[in-house]
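The two complexes that follow have chain A in common; it is paired with chain B in the first and with chain C in the second.
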Partner chain A sequence: MISFRRTRAVARKEFLHILRDRRSLIAALAMPLLLLMLFGYALTLDVDRIPTCVYDQDGGPASRDLIGRFRGSRYFDVRALAGSRAVIERAIDRNEVLLGVVIAPDFSKRLAAGQEAGVQLLVDGSDSNTASIALNYAEALALAWSGELRSKAMNRRGGGELKPPVEPRVRVWYNSELKSRNFIVPGLIAVILMIIAALLTSLTIAREWESGTMEQLLSTPVRPVELLFGKLSAHFALGMLDMAIALSAGIGIFHVPMRGNVLMLFAASAIFLFGGLCWGVFLSAVARSQLLAYQMAVVTTFLPAFLLSGFVFAIENMPWVVQLVTYIVPARYFVTILKGIFLKGVGLHVFWPEVLFLVVYAVALFVIAAKKLRQKVA
Partner chain B sequence: MSEPTVVTDGLVKRFGDFVAVDHVSLEVARGEIFGFLGPNGAGKSTTIRILCGLLAPTGGRATVNGFDVARDPESVKRNIGYMSQKFSLYDDLTVEENIEFFSGVYGVPRERRAERRDYALRMAGLEEKRDSMTRLLAGGWKQRLALGCAILHEPPILFLDEPTSGVDPIARRMFWDLIYQLSAQGHTVFVSTHYMDEAEYCHRLALMYHGKVVALGSPAELKQSAGMATMEEVFVSVIEREEARQ
Partner chain C sequence: MWERIWEIVRKELRQTLREPRMRALLIGPPLIQLIIFGYAVNLDVENSAIAWMDQDLTPASRELRARFTASRYFQVVEEPASDLEAQQALDHGRARAVVRVLPGFARDVARGRTAPVQILLDGTNSNTAAIVGGQASAIVNRYSAELLRGRMREKLVAAPGPITFAIPTINVRSRVWFNPELKSRVYFVPGIIVNIIMLVTVMLTAMAIVREKEIGTMEQLMVTPIRPFELIAGKTLPFAGVGLMNMLMITVAALLVFNVPFRGSALALLVSTILFLMTTLGAGLFISTISQTQQQAMLSSFFFFQPAFMLNGFAFPIRNMPEPVQWLTCLNPARYFMEIVRGVFLKGTGFTILWPQMAALAALGVTILLLAALRFHKRLD
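And now, the complex of A and B:
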């Protein structure tokens, strides 16, 4: 039988520990904000306002029109008009521009004569991801512009209105502005919650071992499950507070759309948090040293949650072995749930398998942590 | 002698090849102050931990207040109070918060709580310091608070493992006055020490050496049988005899 009185005594004591240790309390409350700010601002994967330099050897009406297109696009920021190819090279070397556009001397003449005209794109490939996105934008811009040229020419010749045969009408769902922040922030909340959960509890058991109070506790009738529940409840409250802070900051500061049910979000977070707290207790019971437990908590939560949860790096692009590993990372499931609730506004009917996994994970970790605590003083 | 409350029969504890407790057989009567005397590493703490249900014995049997320590440690824990060598209360809690916490985990009934708390505070002489942070207490006060916390649930048996190590002589004297009080109230006190003067205060003593009980009896009996005037001489002569035997 679990004694409510004993569990409550432990919970009360843990609350006192939390309140007395002001520095840790402030750290625990400031951490979600700090991490959110750090990653929310630093981790934007959006490529826009690409610094661009143009070397216009032609100077004709067509080349000016094309340059106008680059200037008008929000994806490009035409910083300078270069007088030579060397200027572009130097600018790329100095990281002043990412993209160089070189227009051939006979550009306007060849176009007017109905001939093919060349535009050279020079790109700084040292960041391959940004480079390929920049190239795609530039190519798309050039293609669209030449398409227009062609239909204009044909219209002039044929007289009738002629449009390109296929005109794609794109609608992006769920994150219509394609802002990377909109999917990073929900994922970030998962990472933050996982780290905080494990860190909060990783110290508690180890501290009892280090200070000798664990031996005292084990000599009392208090059961491991009561100890676990008592400790979890105090840190659970703190963890949920952190969740609320992260959520408010995500919506208030980063303007992430919140399309789903807030209650659902908190319920899913509660399950995830509970599992994370149990993991921290387990590490703490295994390590029996606060330092070791802390380090193990950071390594085992931060790295998998950050790299393998699909929060920034798409799981589909990983080698299959790594993909297999992601299935045992709880943050993976929570990230899916969070993105579903935040961006798609979907509910349990869609992500119940993920919730089910989190429940199984939380229960399993609780059992393991309780087992580990049951072991006696060596 | 009344019925025994702590009984061990051929108790053995091995850690790998090392025999920490080697066939210890004892009987301690109710209300007795039973001393465990011996050099460091003699197996005193290990024996006490087994009796508190903190460690499982490798062999033999032990019962505490009638409960088998190996089979029913949960019942044992309800019947004992334990003070370990290391001070083990919460430094960041006040005196009263520590008392309330242990009152809770020992399951003291709600209606008895205030009374038990006041008793523990009075006994430890900490009534004035009930709101003090435990970390700020001097050594002697801490020991008395630890004892106060260990008796909140009125356990019939108290295990005190070197409770006065590192405490000044006056505080030690005061602590032993408390032990006498508790014994007079019917608590059995099982106490380990390496102070010879404290050994004199015990009703009966077991001298432990290399995991074995090498002498057992009241201080007077031990002195008489060894033909020595003080416990210190008894202690040294017994240890020398044992070393010669090996």
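And now, the complex of A and C:
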């Protein structure tokens, strides 16, 4: 039978441990804030104000009009007018501009004569993501301008006004302003919980193995399961506190929409955190050294939660082998739940499979961790 | 003096390489990052799952659908019959977008009115959503432009006066430099060099010193005739070697496995790596002076690594950050090294263009190393 008294004693000791180690405590509380600030303020994948350099070989009214369009768009920041192609090349080499627009010499003349005129876009493709977005924007801008020109010419010719036959109307759901902050901040909760759970826990408990106090604890009448619960409860409280900090900062400072049920959010976090903590204990028991436990925790929890959870990098874009791997990453399920609650405002009827997986995962890790501790006792 | 330094170097190397698990740690993280960033992290958006909701069911709407499915960007995974089903497809994440052709589409097109095509995007991942929205709009616009051209021709033929087909158009040609296929892999893999060197050398250096403090062997070292400078050199040089080895490993993998081009000078890369190592070893040394236990050292190096990693432009362009944060990145050595590595690999730039970054690295390196060495010295006395 699990004794509540013994569990509580271990938990009390663990709480004291955490409270006394000021530096680790501050680190544990500052970590979510640091990550939130970094991700919320500094990191955005949104592409706008693309530094652009224009080489206008024409200098006629039409080319000036087109350049004016680039200047007027919020997606482009026309930094300079180059005098030659070489200037653009050098500017791209030095990372000063990303996009070069070269307008052919007879641009205005050809357009006035109703002929085809050329515009060349030179783009620094090294950052493929930014480059393809920049190209999309530039091409769309040029095409729209060209369309206007065409209908103006038609009107002059008395052909009557022509409207575009088909028009795309794009509506964005869940994140209508398309802010990357809105999906990064909720996903960050998964990363923060993983850091607290596996990193911090494996470190503190590995230290006990290293200094031998774990053996002393195991030789007392306290049983492995009680020890596990006691150890976990203190770190569990710390993790939930971090979660609350992240949640309130996300809503209060970053104005991330919270459309779903807060209780649901806490429940899902608790399950995820519990599993992570059990994994931390297991790692520390296997590694028994702080350095190793830390490294193993980084590789098995932090990196997958960061890279393979769909938190920043979309899983759908990965090759199918890697997509298969993501199915065993618990953070993947948790991130899906987080985005569902925060942005989509959906409930259990949509993400019950994810919750079910998290429950199974937490229970399995608890059993594994308890077994490992029992092994060490025997 | 060199003899004493060499002794420490030997001891340090032996201590680090003795344990098989530590050896694995030197190979593991670079390998994992290579696999993940080489294969898994892919910001290129293709084959997006979409739901096609055709409420018109005419040859015109089917033609539009054919345009979508023929492009490599989209595949239709379901055909919702009602708004509710369309919403569910987005709610469950089965489709990234719903394209809705409204009833009367073909009739409006035929009568010369503008027929809207609704594109509902799942905006949760704003980056993907922007790209998908752009791709879908481009397909619709191209279809529209073709229809328009046909219609103009009819009108012109019907118009009085001489018949002319002269319609002004502009012809946009794009040329992509450095990475013509626009693969994220080419962009990410060289950057891994920066992350790995930072991750491995900062922590190894800090831990190597703090471990001795924790077990108390530092005092034993102090009573030997070794001087602080020699101790510092002996404690950092092995990890500089580890860093160079990691650089070499990743470069070879980038060239052979991932087919990343190497267009610049190897010498520029080597010199910059050494400059960068000065900053990371200095940071490791500094962390060791402010930490008493290994746990503190690890947490501190985590606090150093996180901002240095996020603000170096590896995954998130510095250009997009708010201005104050952009200024802050000027203090981040990894930012300069990232620019150098990408310049050397992808753009083929060398000393002539990259010297400001190298100068910044050298200045930061000397400052950090000096600060750390002074602090270290004081601690020992």
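Here is the rule we go by: the second predicted complex is superposed on the first by the 364 of 378 C-alpha atoms of A that agree within 3 Å, B and C clash if a C-alpha of one lies under 4 Å from a C-alpha of the other, contacts with A are read in each partner's own complex, and residues count from 1 in each chain.
One rule holds in what follows: contacts are C-beta pairs under 8 Å (C-beta built on N, C-alpha and C of every residue); 3 or more make two chains touch, one makes a residue touch a chain.
Since we're looking at a predicted model, the values are computed, not measured.
Asks: Mind working out whether A:L38 is in touch with chain B, chain C, both or neither, as first, second, both or neither?
Replies: In the superposition, A:L38 touches chain C alone.
Asks: Who contacts more of chain A, chain B or chain C?
Replies: Looking at chain B versus chain C, the one contacting more residues of chain A is C.
Asks: First (chain B), second (chain C), both or neither: which does A:G252 touch?
Replies: After superposing on A, A:G252 lies clear of both chain B and chain C.
Asks: For A:A113, select first, second, both or neither according to whether it touches chain B, chain C, the two together, or no partner.
Replies: After superposing on A, A:A113 lies in contact with chain C but is clear of chain B.
Asks: Name the contact category of A:F313: first (chain B only), second (chain C only), both, or neither.
Replies: second
Asks: Check the residue A:W173 against both partner chains and state whether it touches chain B (first), chain C (second), both, or neither.
Replies: second
Asks: Kindly classify A:T213 by the partners it touches after superposition: chain B alone (first), chain C alone (second), both, or neither?
Replies: A:T213 contacts chain B only, not chain C.
Asks: Under the stated contact criterion, what part of chain A meets chain B in this complex?
Replies: 3, 5-6, 8-10, 12-13, 16-17, 20-21, 211-213, 215-223, 376-377
Asks: Please name which positions on chain A make contact with chain C in the complex.
Replies: These residues of chain A touch chain C: 23-24, 27, 31, 34-35, 38-39, 41-49, 51, 66, 92-95, 98, 110-133, 135-140, 142-143, 145-147, 149-150, 153-154, 157-160, 162-176, 178-180, 182-183, 199, 203-204, 207, 290-292, 294-295, 298-299, 303, 307-308, 310, 312-314, 316-319, 321-322, 336, 339-340, 343-344, 346, 350.
Asks: Would you tell me which residues of chain B are touching chain A in their complex?
Replies: Spelled out, the residues of chain B in touch with chain A are 49, 52-56, 74, 77-78, 80, 82, 84, 86-93, 97, 100-107, 159.
Asks: Enumerate the contact residues on chain C facing chain A in the complex.
Replies: It comes out as residues 21-22, 25, 28-29, 32, 36, 39-46, 48-49, 64, 90-93, 96, 109, 112-131, 133-138, 140-141, 143-145, 147-148, 151-152, 155-156, 159-161, 164, 166-180, 182-184, 186-187, 207, 293-296, 298-299, 302-303, 306-307, 310-311, 315-317, 319-322, 325, 339, 342-343, 346-347, 349, 353.
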